[in-house]
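Below you'll find a set of structures to go through.
There are two complexes below, and they share subunit A, which is joined by subunit B in the first and by subunit C in the second.
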Partner chain A sequence: MSKGFALSIDALLAIVIAAILIFTIAFLSGNAKESQYQNLIMKKQINDVLIVMDKTGEFASMNSTLINASITELFPSSYSWRLKMSYYNYSNGFELEDGFIIGNNQSASDETIESHREFITFSNSSVIYYGTAELVVWLR
Partner chain B sequence: MKGVLITFCVLLLAVAMLYMTATIAMYSSQIKGTPTEMSAFERMNMEYDTVSYGINRILANEKVNITIHGRNITFESNLTNSNRYNIDIGRFRQFVTGFSSTNLSVNLTGMEQPAVFLKPHNTVIEYSTGKINFEPENNSLSSGKIEGYSLLFKINQQTPAFNWTNKTEVLPSDPNSLYIHVGLQGTNGTVYYTGYLNRDSYNKLSMVNATNHTIVVVTIYPTANLTINYNLDMYLKSIMRLNSSASAEMSENSINTSTIYGKKLGKVVVFEN
Partner chain C sequence: MDKSPSTKKGQMSSVDFLFASIIFVFILAFFTGFWYVTTGDLDNTIKRNRLEATAVVASDLLIKSPGVPSNWTENPSTILAIGLVSQHNVFDKIKLENFTSLDYNSSSELLGLSQSQGFYFYIEDLDGNRKYQTGNSSANGQVVFITRYGILNGQKVKMRLMIYE
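Let's look at the complex of A and B:
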């Protein structure tokens, strides 16, 4: 066998290895991109739901049935979600007055996306409650 | 010679491969990083919107509710000596910074004495203790855009008398005419004035009660600058008629939302047309 032939085999092998490396990186990169953007879309959807629920006054209603029905309607059926509502009043600091948790049960293996919004409720044109809504969403 | 050539080619190819690999790795890292950054911005925007909307609601419920219907801008207020508005603004700030899911800092500069700015008419409406000022910025463009004011007062006292100390009336067709309607409802009836005043002159209306005390003073300064001074609790509905539709926002960059991801400085949009 000539020396040139050995070198050619060597070069071919290097190219094959490099090509495998490149395709592996490209494949992993493609997967990472899809997953990250899916999470971002979910995050935007959660934020939109929280903003809508605040601005339509549903959080201020403190009505768990109404809130449950609205969120179920707003999210796609492929989503599971869990919402924790807390209502605080102010007397020498913020004190928890009322709250509830609605939605689906979540398992430890679920990969979740969450968001959070603070809001206020009024009675006779004065702030009566300061509230927080914590929404967690995951794919079924 | 052939071996050297092949070795050189292999070297070139290896360099090209390394370059491509490095480029792909960097691109991949950027792609992964972008959604993370966008997610952080989403969180910051959410906090900003929370603060802006909360302040807007406190302003509307406790200080002045502003609505715009075409060219008419309505300001409705229950004017009291209560400092409930300032207390609630302070507590709301304390609440959002304390209960936020992120490390949030909110600066509400100038919120204690709110000023509303009308666009594109360059007119500022300022609310301070015992005084409301509707002020077109000092140029001919802004003052000419106000066609008139309508003021409706409701007080829980005996109806006072109207006393004009300065008044320059003009015809409605006069190019300097400013439509003025002032109505007051007290416990024993109503009083009102409707007319056209010269927007470039000084006009002053005092409302004097049965014990000869002045309870409300409406002054119109050149040019079309209206000021209301009062020293009692009352309901006031003021309507400004403009020559075109407007948007209303807080006049200062009063919200400074700062998180670990960045800062967002902005105004409270009161009413967008």
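Let's look at the complex of A and C:
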């Protein structure tokens, strides 16, 4: 009786150790299968979009409809995004003059990638606004 | 037919042994299968990661750098590093024309690809019309696509680079 009990404990212990080993290997190999570069690629694409929209003058236009349409046109449909634009003027320090937020609503569970860009808007060679654009992107 | 106690004990052990052997063989078969599937998957992941790393570096080179020397189009034989832009994300038409007219092996070498890797490159407008393209689009193995955004002649364009093994 006592011998049988001792053997059951041994078997139970062996099964527990084997199960832990299997689940650890399965978990680690599952993680290793994820792309290491997906986030980096998304980050580079966000930076590209910010640069392009700055250089085409769309940020300076302060037109939220135009900016919304442009970003929607550039990003693949699998991306959700949110853009916060802020326009400041400078007299006695920076003062927020205008701004808007466009794009999708994000939930707390979304794993987001974000980037921002500072820009200046000109008129007749003089600075009108100092602006910032903060773009957040996540996969649907 | 009087059997000794030791003979009976031996019979019992054989059943135990058979039972244990069957369980052991099942566990061994499971681990072997699991090992082959996992190592196969990991091998594919390693290959894909290597391709993605190459694609990121090559696309950065093309869209961020004017090349070395920056006026390499004047004498393409002196080119040390490829680059297709006049400034960040603004494509230079002359550089695009020169790059797409280079032979495949030279382009591949300039992109930093290994002998086993191939590429296909194109630039298209937002309606999907291809403006420039070069490389070989017929791939058999693993393929990685990277899309970057730039400006060509004042218009927004997509640069797509396909790297494969």
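The definition used in the following text is that the second predicted complex is superposed on the first by the 105 of 140 C-alpha atoms of A that agree within 3 Å, B and C clash if a C-alpha of one lies under 4 Å from a C-alpha of the other, contacts with A are read in each partner's own complex, and residues count from 1 in each chain.
Methods note: a contact is a pair of C-beta atoms (placed from the backbone, for glycine too) under 8 Å apart; a residue touches a chain by one contact, two chains touch by 3 or more.
For clarity, every value in this text was computed on a predicted model and none was experimentally measured.
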*Would you check which partner chain A:S125 touches, where first means subunit B only, second means subunit C only, and both and neither mean what they say?*
first
*Tell me which of subunit B and subunit C touches more residues of subunit A.*
B
_Just checking: does A:L66 make contact with subunit B only, subunit C only, both, or neither of them? Give me first, second, both or neither._
neither
*Would you sort A:I51 into first (subunit B), second (subunit C), both or neither based on which partner it touches?*
both
*Which of the two partners, first being subunit B and second being subunit C, lies in contact with A:L40: first, second, both, or neither?*
both
*Of the partners subunit B and subunit C, which touch A:L139 in the superposed model: first, second, both, neither?*
neither
*Touching A:P76, do we find subunit B (first), subunit C (second), both, or neither?*
second
*Using the superposition on chain A described above, determine whether A:I101 touches subunit B (first), subunit C (second), both, or neither.*
neither
*asked:* Let me test your reading of the model: by the given contact rule, A:A14 touches which partner, first (subunit B), second (subunit C), both or neither?
replied: first
*Residues of subunit A contacting subunit B in one complex and subunit C in the other*: 18, 22, 25-26, 29, 32-33, 36-37, 40, 44, 51, 55
*Of all residues in subunit A, which touch subunit C in the complex?*
18, 22, 25-26, 29, 32-33, 35-38, 40-41, 44-45, 48-49, 51-52, 55-56, 70, 73-74, 76
*asked:* If we count contacts the way the header does, which residues on subunit B are in touch with subunit A in the complex?
replied: 2-3, 6-7, 9-10, 13-14, 17, 20-21, 24-25, 27-28, 31-32, 34-36, 38-39, 42-43, 45-46, 49-50, 53-54, 57-58, 61-62, 78, 84, 88, 91-92, 94-96, 98-101
*Any idea which subunit A residues touch subunit B in the complex?*
3-4, 7-8, 10-11, 14-15, 18, 21-22, 25-26, 28-29, 32-33, 36-37, 39-40, 43-44, 47, 50-51, 54-55, 88, 90, 94, 115-120, 122, 125-127, 130, 132, 134
*What residues on subunit C touch subunit A, complex-wise?*
27, 34, 38, 41-42, 45, 48-49, 52-53, 56, 59-60, 63, 88-90, 126, 146-151, 154, 156, 158
